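Presented sequentially are two complexes of chain A, the first with chain B as partner and the second with chain C.
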Partner chain A sequence: MGLIAPKAEALAARLGALTAPKGLDAARARALDRVQAMGLPHRRDEYWRYTDPASLVAPTAIRAEVFDPQDEAAAFDGIDRLTVTFVDGVFAPDLSDDLTLSGVEISRLGAAPDWAETAYGALESLGQSPVARPLAALNTAFATDGLLIRVTGQAARPINLVYAHKSETSDAILHHTIQVDEGCELTLLESGAGAARFNQVLEVELAPRARFHHIRAQGRDHQRRNVTHVFARLGAEALFKSFTLTANGLLTRNEAVITFAGDNARAHIAGAAMGDGAFHHDDTVFITHGAVACESRQVFKKVLKHGAVGVFQGKILVKNGAQKTDGYQISQSLLLDEDSQFLCKPELEIYADDVKCSHGSTSGAIDDTALYYLRSRGVPKRRAQSLLILAFLAEAIQEIADEAIAADIGARLEAWLDRHED
Partner chain B sequence: MAELDVREGVDRETIETVAGMGAYKYGWSTEIEMDYAPKGLNEDIVRLISSKNEEPEWLLDWRLAAYRRWVSLEEPHWAMLDYPTIDYQDQYYYATPKSMAVKPKSLDEVDPKLLATYKKLGIPLKEQALLAGVEAPEGERRVAVDAVFDSVSVGTTFKAELAKAGVIFCSISEAVREHPELVRKYLGSVVPPSDNFFATLNSAVFSDGSFVYIPPGTRCPMELSTYFRINAENTGQFERTLIVCDRGAYVSYLEGCTAPKRDTHQLHAAVVEIVILEDAEVKYSTVQNWYPGDENGVGGIYNFVTKRADCREARAKVMWTQVETGSAITWKYPSCILRGDDSQGEFYSIAIANNAQQADTGTKMVHLGKRTKSRIVSKGISAGRAQNTYRGLVSMHPKAADSRNYTQCDSLLIGDKCGAHTVPYIEVKNTTSRVEHEATTSKVDEDQLFYCRSRGMDEEEAVALVVNGFCREVLQALPMEFAMEAQNLVAISLEGSVG
Partner chain C sequence: MNLLEIKNLHVKLESEDKQILKGVNLVIKPGEVHAIMGPNGSGKSTTSYVLSGREGYEVTAGEALLNGVNLLEMEPEERAAAGLFLAFQYPVEIPGVGNMVFLRTALNAQRKARGEEEISAGDFLKLVREKAKTLKIDADMLKRPVNVGFSGGEKKRNEILQMAILEPQMCILDETDSGLDVDAMKLVSEGVNALRSAGRSFLVITHYQRLLDHIKPDFVHIMAAGRIIKTGGPELALEVENNGYADLLEGVV
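Up next, the complex of A and B:
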């Protein structure tokens, strides 16, 4: 079926501004076919009900001022890690370590190894059903750079992908594909705003008993626009853990598409988002239980003030036969003043009977009684508020397994709250 | 049945019902001569319905405007429902028993066959008998009934007594003739003809339904009830109910529905509008038991209903309670517009889908006024190959300061071939409001079943008991007689779901 005229025009305009780089040609061609069949997202699409994708699909990026973090240290500064830097979506060798790490093979999209020819775009393609994610397919077709990572042992150190934003009009598309072999383990850290407009896809294939930890600190640039997709597929007894910290940003849409393909696997995905003023943050999660006795956990917390908007769309799909599923989902927001909004659509779709699935969602202001209690113990009002906000976010931060990384994230949260006390 | 007595704490009624369970109880039809409008839908049919009801010009224009709009609309398909395309031209839009051609002046003139139909359904239309205490035991609450048979209202009981209290309770076609000013003022003011595909269709072709007006400061002296019966084959029922509860008034309204067993699908697209003014309260309870089709999904009613209550002024209150056990397809979202400050909306629902049934049902709570409160308790039960979806919206508008919502939706799965889904939308646009939402999905608890079985119940009895426990919060919200009926229905609807 052809696209309706406005969608076809928007797509033609966007594609006109792009050229596909060399390499991975077959996978890119298939992705382009997908985009052409789906068209680009529109506000009227049910999946974009709460977030207007207009600025994400426009032919060019809208200017975004480069943010000066002043004296704040770079994220994960104290962690022993391998750093790979992309400046406005372009690999920066002088700002990166050598791409060698014990237990891991790292290459770039331009020099793809054989396994990547089939792996690149494979999970993105599977993630297009039952809900279309055209921006991810567009990414697969036109990503200018990215890493292909094969984990064949215990990674010696975490890999830190640093996304620097230097040009006010940059428009970056990055795509990473990761394969973690049976019983192997990797920690991936991501930090930075990436570009004025940044479209990023991360595909993670976990073989049986593989373990993957993902901790992300999205850049503090106020005017940036980010759309990210994480596609993960878990083999038996695999573990997937992902945490995202978002402070500031004009528009952020973080999608996660997680599929259980083997029994007894676990996936935990969490996010803490804080926005003050012009801030629209959208977490969209789709978890498919297609195997027996898997556990999924979603914990999303948002602190919103001065007109900030928080969105959560989370779905747990339990397929027929996926017995003993344990699915948990909580999305909460703290609205600190009159203008902020929280829009939420937590969904369950269940076709198996021996399952335990629940979701909860709450929205409200800081508890006056708790505030009063702290103040009666001599804690100044602002400090008391910060303490309560940190307590509210704690459940999400607890999802980070590594203590040093959790402490780094915690310190960033606290610093943000100090800067935004009013 | 004597040994049943010894089991302590078990509701005997439930067990007897389970024991004596048959299939769908109301699946017979009445042989009666009918007058049909020609099959299909066009402007002439709309005019015909309007003229049969002796309607004024403005209402005909209103219908025609709705019809012209409907032609341009597409049927919505966002619900988790899977059904073959409905041919809207392959339906009768108007069917009435021949004997109703000359409108009977009182129930005594009504065709005895029709009265017998309702008697068989257990709906007393003979108020004299009731008044004499023949059919109703001492102290039992009396209920005034408006009985709708296919496209027309057969009769309304207790009219004189209600009139003494100033309450108007009649069919909507009669209200159009007798109280045009009220109908004209409120009809379409809650669900406008442009609201949605099915509401627009209903606005064009609604044939009958009930009208209720409770004057200021009046507590309606008895419960009001409408009983809908689809009898004729290939006939859609499109009733329209309008309830206006004036300042400080109160009414409890019950709705029941059944249809004969047929192997073709029948369309039912109703609209219920409720207007509630300052300090008034309306309780609306439904036991929906349309024919659900057989275990293979052959036949059954397609039920597309738009129900909405508008708490138009301060401290207005509405409570929806629904027990949805019938219909092959249910598409129904009774909603509350909480416009007045301090107004309240409540929604209690049990939706049971067995065999090939599909239900997509829930509510909308739209908080517009300050300090408005809402509460949603939904219990969905799926068995067989059925799909059951809760779909709801809680919206806190910027001006709805200090409002509250609490939502709980629980799903129970019986068997591994059915599905239970939850699709809530939560939109909070101010800080002082609090919204809480919880949902769980589980199967019938093995320990509870084991306990019941160890006490000598068979599996079906045990499941019925556990399910009734699961639904308790909602059953308790129903008026007493309805609660009993609903409890029995829960057991019957799950028949054949075990083993």
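Up next, the complex of A and C:
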């Protein structure tokens, strides 16, 4: 079936502005086929009903002011880590550590090792069904840079991918593919705004008993537009944990597509998003339970004020035979005024009969009684509000296993609240 | 000088045109313990909420002075820093805020408002441990979120712990005896009595004379239909216990 005319035109315009770099040619060609079959997303697509993708699919990026947060140290500053920096989507060796780390093999897309020829784009491709994710396929076809990471032991330190935004018109496409071998472990940190427009894909293949921790701090630039996809596939008894802090940003769409392929695996995905004013944040999650006795947990919290908009679309699909599934999903927003908005679409689709799945969603204001109680003990109103907001976010932050990293994220949240008291 | 002085206080609910307090007058001097008794709906709890600054009430006439300063123009946190404390009838559960963090934030905020140094982490821990011990509050209760999962008695003990740590001058106890068994009431009363001093005063709101056996008042006031209709000594509470309010209410509109 061909695309309808407006979709075909939009696709042709976008593709006209792109050239595929050399390397991983076969995988890129297959991805381009997928994009051509799907077309680019449009507001009328069911999956984009709450978030207008127009600025994400346009041929060029809309100008975004560069933001320099001089009042705050870089995220994860105090953590012992290996830093790899990309400036507007391009690897910056002078701002990066040497790419050697015990227990890990790191290469760039341009110098792909053999395993990556088949791994690159593989999980993205699988993630196209049952819901199309054309911006991810576009990413696979045209990513200009990125890392191929193979974890063959216990990574000696976390890897921190730093995404600096320095050009007002940068349009970056980054793609990382990670494979964690059986019983091995890696912590991946990501931080920074990336570019004026930033399309990023992260593929994570976890062999049996592999463990992967992902903590992301989507920076403070107000005008950036980000679309990210995390694709993860878990082997038996594997552990996948992902937490995202989003502070500011005109448009952020974070998709997570997680598939259980082996029994007794666990995947936790959490997010805390804070928006004040022109802010549109969309968490879209799809978890497929295709194995027995796996546990999935989604915890998403948003703090919205002055007209900020939050979106959550979260699905748990339990396939026939995926018995003893334990699925949990909570999405909540704290609306600090009457102008802000939270749109939520939780979905459960279950084909097994011995499962435990629960979901909940709430939207509300700060509890007046709790606020009065704190103030009656002498806590000033603003501090009391911050305490209650941090309490609201606590369940998401608790998903970060490492205490030092959790403290870093917590401090950032608190600093954001201090800056946005009015 | 009077510690607390309530003059001709008239209060109505903001949400509906309903007058709750219709001219309350009360003077409390330093070191005194006053009790307010009265039937349901007489305005006892409203008095405590209005004094502590809860939203939803409109003062239509009168004033309330703490150490000569008009309380009613202050924010709730300013009233606390000025030395007012309300032990809630229904202490509020605050999931996600640890009890210790709450106590320390409150104490330091008050000290800061009064221009005092913040207390160090070590000194604070020492202070809390010492006060918690006498109220039989264990480490687990201190670690948990504020009042979450606490029994009725634990919540009330936690109120008294806050009072002991914040050391207010004017303590209002709103039905602190409700929901307490005999042992818990004894524990709470001992906590309160330990705080009695020449400079500190108490306003004890209660339905029952029982609490006043433990916390002995200097004055007992009977409140009805938004006014204090009778004032006496501890014997007035006994009279209520024996005869009810019927005789006292005769002639009150």
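Descriptive notes on the structure:
Quick note on the criterion: the second predicted complex is superposed on the first by the 422 of 422 C-alpha atoms of A that agree within 3 Å, B and C clash if a C-alpha of one lies under 4 Å from a C-alpha of the other, contacts with A are read in each partner's own complex, and residues count from 1 in each chain.
Here is the rule we go by: a contact is a pair of C-beta atoms (placed from the backbone, for glycine too) under 8 Å apart; a residue touches a chain by one contact, two chains touch by 3 or more.
These numbers were taken from a predicted model, which means no experiment stands behind them.
Taken together in the superposed arrangement on chain A, chain B and chain C fit without clashing. Between chain B and chain C, the partner in contact with more residues of chain A is B.
Contact with neither chain B nor chain C is seen for A:25 once the two complexes are overlaid on the shared chain. By the touch criterion defined above, A:390 lies against chain C but remains apart from chain B after alignment on the C-alpha atoms of chain A.
By the touch criterion stated above, A:346 is placed in contact with chain B alone, chain C being left untouched.
Contact with chain C, but none with chain B, is seen for A:381 once the two complexes are overlaid on the shared chain.
By the touch criterion stated above, A:46 is placed in contact with chain B alone, chain C being left untouched. Of the two partner chains, neither chain B nor chain C is touched by A:65. When the two complexes are overlaid on their common chain A, residue A:336 makes contact with chain B while staying clear of chain C.
Look at A:369: by the touch rule set out above, it reaches chain C but stays clear of chain B. Once both structures are overlaid on their shared chain A, chain B and chain C have a minimum Cα-Cα separation of 13 Å.
Chain contact summary for the complex, chain A toward chain C: residues 368-370, 372-381, 383-384, 387-388, 390-392, 394-395.
Remark: chain C residues 52-55, 75-77, 79-81, 85-86, 88, 91-97, 101-102, 105-107, 109-110, 113, 145, 162, 166 touch chain A in the complex. Chain B contributes residues 78, 80, 398, 411, 413-443 to its touches with chain A in the complex. Put simply, chain A touches chain B in their complex at residues 46, 320-321, 323, 333, 335-365.
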